[in-house]
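After this come two complexes, each holding chain A, first together with chain B and then together with chain C.
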Partner chain A sequence: MVEQPRGIRNLFKVENIAKALKALYLIFYTTFMLFPIIWMVSGAFKTDAEIFSKTPTIIPVRPTLSNFLPPKMPTAMWRWLTNSLIVSVSSASICSLIGLFGGYAFSRARIKKFKVFLNLLMIAYIFPPAFLIVGFTRLVNFFGLLDNLVGVILVYVCLQGPYNIYLIYSYMAAIPRELDDAAEIDGWSKTHVLFRLILPLSLPVIVTAFMWTFMMTWNELIYALVLLNSPSNLTMNVGLSSLQAGDISPYGVMFAGATVYASIPVVLFMFLQKYYILGLTRGGVRTA
Partner chain B sequence: MLEVKDVSKVVDNKAILKGINMKVYEDAITVILGPTGSGKTTLLRIIAGVEEPTSGRIFLDGKDITDLAPKDRNVAIVFQEYCLYPHLTAYENIASPLRAAKIGEKEIDERVKRVAATLGITDILGKLPRETSGGQRQRIAIARALVKDAKVCMLDEPLTNLDYKIRETMREEIREIFKRTKGKIIIYSTPDPLDALLLADYTCVMRNGVIEQMGKNKEVYNKPKNLFVAKYYSYPPMNVIIGQIEKLNGKAMLKTPWFKMSIEGWSGPLNKDVAVGFRCEQLEIVPAGSKVDMKLPSDKLKVATVHRIGTEHLIQLWTADKNILYALTPGDVRLEVNETVDVLFHIDKLWLFDKETEEFLGRIYEGSAIHD
Partner chain C sequence: MTSIFKRKHLFYYLAIIPSLVIIGLFISPLILTFYYAFTDIRGNITLGTLNSVIADPVFSASYMRVIIYFILNILIKFLLATGAALCLRHPFKGRRILSALNFAPYAFPMIPLYFDWFLMYHPSWGVIPYMIRSLGLTPPNFLTDPNLAMYFVCIAHAWAATPLWTMIMTCGITSVPEEAYESAKIDGATPTRMFFKITIPYIKKYLLMNALLSCIWVTGEVTSVWLMTRGGPGTSSHILASYAYLQLYTGYYNKAAAMLTLGIPLVVFLMFLLSRVLAMED
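On to the complex of A and B.
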């Protein structure tokens, strides 16, 4: 019998077949998940004619930037993008601050019964956000903040604040209490202990909380749709959805808007991913 | 002087400290010795001000400091876990108390470098704590406490997290460092009796939140108030056997399974079961092939365990009633587990305790009772 070359023998080994199948699955799954995004980015640089062409292409045959520029791109779109940035950055910043103070207080509470309130915070998440929309709308209206970005920010803070407190508390609880004691004995005030000791050590989770809230509010549609009306007050996702009207929607412009909209969290994540991963995986600090 | 008056601490209906009264003097090392859970760390934290007592007061040089914040108490503490700030270099860790006191940069630099030189850590001042070894971190923690120049300097089990060899070296260094300081009150807490034996000028033995005995080192060692202090403050542990004190022909007679002796001048209780204590160096293992001195009480006992400690072996021996006795042998003597050996009881010094109450009854020195 002629002996097969070793390479061909290895090809038919069970473990190599399994590896090949796994790789095929991953390629298929990734393509399936990424394809809509690829199609969106591709469509942003195509003319309307190419978008509706019978022969679909991934790489534009005649790439164009016209979808990003006037007159095709409505000037209001940059206003919407700015509104989204204002809402998400403000919500994330306020929630991170609330999480910092609340998480620190809970993590250092000496009275065990105080921690019951921590569990009560999480009860808010039993209800889907859409369930609370009527109540929040009436509350925002009561304060005269309908059709106002401040009203939307306050609602987002109410929705995301408790989670921020819990997330940051979980991280800070792993920072030994003795570090605070050591700093107090050294002569530092409690404020200094929080800002000069605990905060630098908790930077990963603060960044994580910020990014999480940013992402949640960036993608949020229902509350923005209900609470904001004027074209100049819309956030980007509400504004983009408003472009869809009648039989023909400006797909090229919508793709372009969505591409810009989606790229901002990606850029943010690229800069902050190191802290994000640390914040999610590390349960506090290992002291020396 | 630091005075602790009637300090108690109750947490979740559990008494951690019960009516602690103690006076700690300057220019001496006071060691608080006790097992885990005896309340040593809680007591130190109350003195430092990071925990409040449920009742009682703390006085430093006559001034009531109970209600003062930690930063106003003139105390420094070296924690068991070192508690170095992980994001700051060794230099910044040591300088921390000086920066909190808003001292000038030049003076900070001088004092940090001086203390670092004393502790031999000048070359690691630029490193983060995670880049240093356990022994180096311990020195950084001690430097941070020393640089503050506080009146009260407390060390909470500083050697617990170090390995055996480094612990021996650091123990010596700690003694040298604190012997050179003047006018300071040094409190050192430890569960290891060896630390107390080698470091203490004064020893305070604690158990279950209560001070069992406090006094000069030698006094606590030689005149333990009860069986717990005698057994705990002993390295290796004190041997204890059960006997009886009876009256025979008008004299007090001590009877144990191994020996009987009459006691001159015994004024303690008679016709009582007693616990008889003697140090492990008083139990001699006769080398194989040697003649046994028939003048001394002896027995054949089985070896339970053999542990090397330094240049010697600590031998645990089974008695007939399954008690353990301890003996030391030179490092070159090799014994096997389950081997039967001849032992001699050197009964020149004995400590007697009431078997029921464990209270100290008296010492016997060469057949004569000493009631202190």
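On to the complex of A and C.
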């Protein structure tokens, strides 16, 4: 390559214009992506006067914590947060456990019939959950579990279980069977093989499945909205949407609640990140 | 362990029971949905529910809006993501941090963020109308204009999934072998031509897969519509699933079931297309 002469004329060269356009686009894109999140977090620290002012500010002029504290923050908010945690943690735990057993059986048994179920699992994962809502609502009603967190947990397990099983299956299928065979020759029973050998080896994918289910159930609104009624039973999603009442909504409190709510999975993710990434790359499974 | 577990397959069969229960519990609501679609509120078997739903003009309008939602959704995500991926293709200082930061909307829970979008659009104190006003223009009534509301809901919905598309496009574009570009350059191909003739064919499978997946999930999309407009103003921003959801929410579960049943052929068709794409060679 010929050395390019440096000077003011270079500014208008095609490469430089392209570079400038790229930089401009990236600035636009990053702003578009991050602005709503920044707006939400900053709104949580604004006074009502500032939220409802005609000239919005990005950084709160007079930052306040009052949105997070009673009397502004309804005490029910903490109840809703606890409910959300109960629902998400229990459905994620149950799903991972079912996935552990199911994944093991699907990956280890040389039984032809099982292949059909694997396809069913994949279809169940792709099928939009909204199409099952009438059936699930009637089923939950039939078992008398309406307005009960147990009903919500059971529905979430059914909705998220298939993908969990599939994810864990595809990871376990990559663990060499020679390990099992060696252990079984040593006289280990299958339960021993599962809990002493396969479980430690596939811990990353179990954590990934747990995180996945946690996120999906944490993000779920429409089922919880029809299955739960009484104010003390709501999950955070439903609780926040029940605060939304047109122009008189307590927006500062909603921002504050939303910020707390959004930060919990982020914190969880930071703790489990090490395993999570390992699970994604080694399982060779797409995630969305 | 006891002798029972030494029999060859028994443990596998036991371990698989929970999975089968899950699959069964997943299929039974689907059957129930069909059952309710063909009954009336008293439980008599009838075609009346389906007929009344088909005759409902709001339902057919909502059904058509799903198609608009498909196109707009894919277009927004594809354009934004392709632009970002092209800009992020060559290494520069801070590229990793920028990519990580831009992934945030996908990692955040979506429900609070829909509230956030709702407030940003708000005509009197929302930040987006404010920005447009400060440019000296008159902002549209984002979520209160019956002609426009659904497009702005769609933008917020597409925004949330854009990071995933950007990641896929970035991976795709960087995975194209550099030799392909170099030989095309020697032949005198323009960057635009190289993009359409080399990059796009190379990542076609993943693009189609993601486009179809997002179509399938948009068919069942309720949350964004529900939280931002409740289908309003009037019924102007309802899409298929949100309108069915409204019926269920107000207690007409037979009607809801009938609407969802009519939506299932669309989902099945999209899933069929997806299976064809998955069977494509890389």
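By our rule, the second predicted complex is superposed on the first by the 252 of 288 C-alpha atoms of A that agree within 3 Å, B and C clash if a C-alpha of one lies under 4 Å from a C-alpha of the other, contacts with A are read in each partner's own complex, and residues count from 1 in each chain.
Heads up, the rule we're going with is that a contact is a pair of C-beta atoms (placed from the backbone, for glycine too) under 8 Å apart; a residue touches a chain by one contact, two chains touch by 3 or more.
In this text, all values refer to a predicted model and were calculated from it rather than measured experimentally.
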Fit-or-clash call for chain B and chain C when the two complexes are aligned on chain A: fit
Which superposed partner A:D181 touches (first chain B, second chain C, both, neither): first
Vertex chain A angle, Cα centres of chain C and chain B, expressed to the nearest 10 degrees: 100
Partner chain(s) touched by A:L145 [first = chain B, second = chain C, both, neither]: neither
Touching partner for A:V89 - first (chain B), second (chain C), both, neither: neither
Of chain B and chain C, the chain that contacts the larger number of chain A residues: C
Partner chain(s) touched by A:P128 [first = chain B, second = chain C, both, neither]: second
Smallest distance from any CA atom of chain C to any CA atom of chain B, in Å, after fitting: 7
Doubly contacted chain A residues - partners chain C and chain B: 189, 192, 288
Chain A-facing residues of chain C, complex: 1, 5-6, 9, 11-13, 15-16, 18-20, 22-23, 25-26, 28-33, 36, 80, 83-84, 86-88, 98, 101-102, 104-105, 107-113, 115-120, 124-127, 130, 159, 162-164, 213, 216-217, 219-223, 226-227, 241, 244-245, 248-249, 253, 256-257, 260, 263-264, 267, 271, 274
Complex contacts: residues of chain B adjacent to chain A: 12, 45, 48-50, 69-71, 75-77, 79, 81-87, 96-97, 100-101, 128-130, 132, 137, 144, 148
Residue ranges of chain A in contact with chain B within the complex: 112, 176, 178-179, 181-189, 192, 197, 200-201, 285-288
In the complex, chain A residues that touch chain C: 22-23, 25-26, 29-30, 32-34, 36-37, 39-40, 43, 51-56, 97-98, 101-102, 104-106, 108-109, 111, 114, 117, 120-121, 123-124, 126-139, 157-159, 161-162, 165, 189-192, 194, 215, 218-219, 221-222, 225-226, 237, 240-241, 244, 251, 254-255, 257-259, 261-262, 265-266, 269, 288
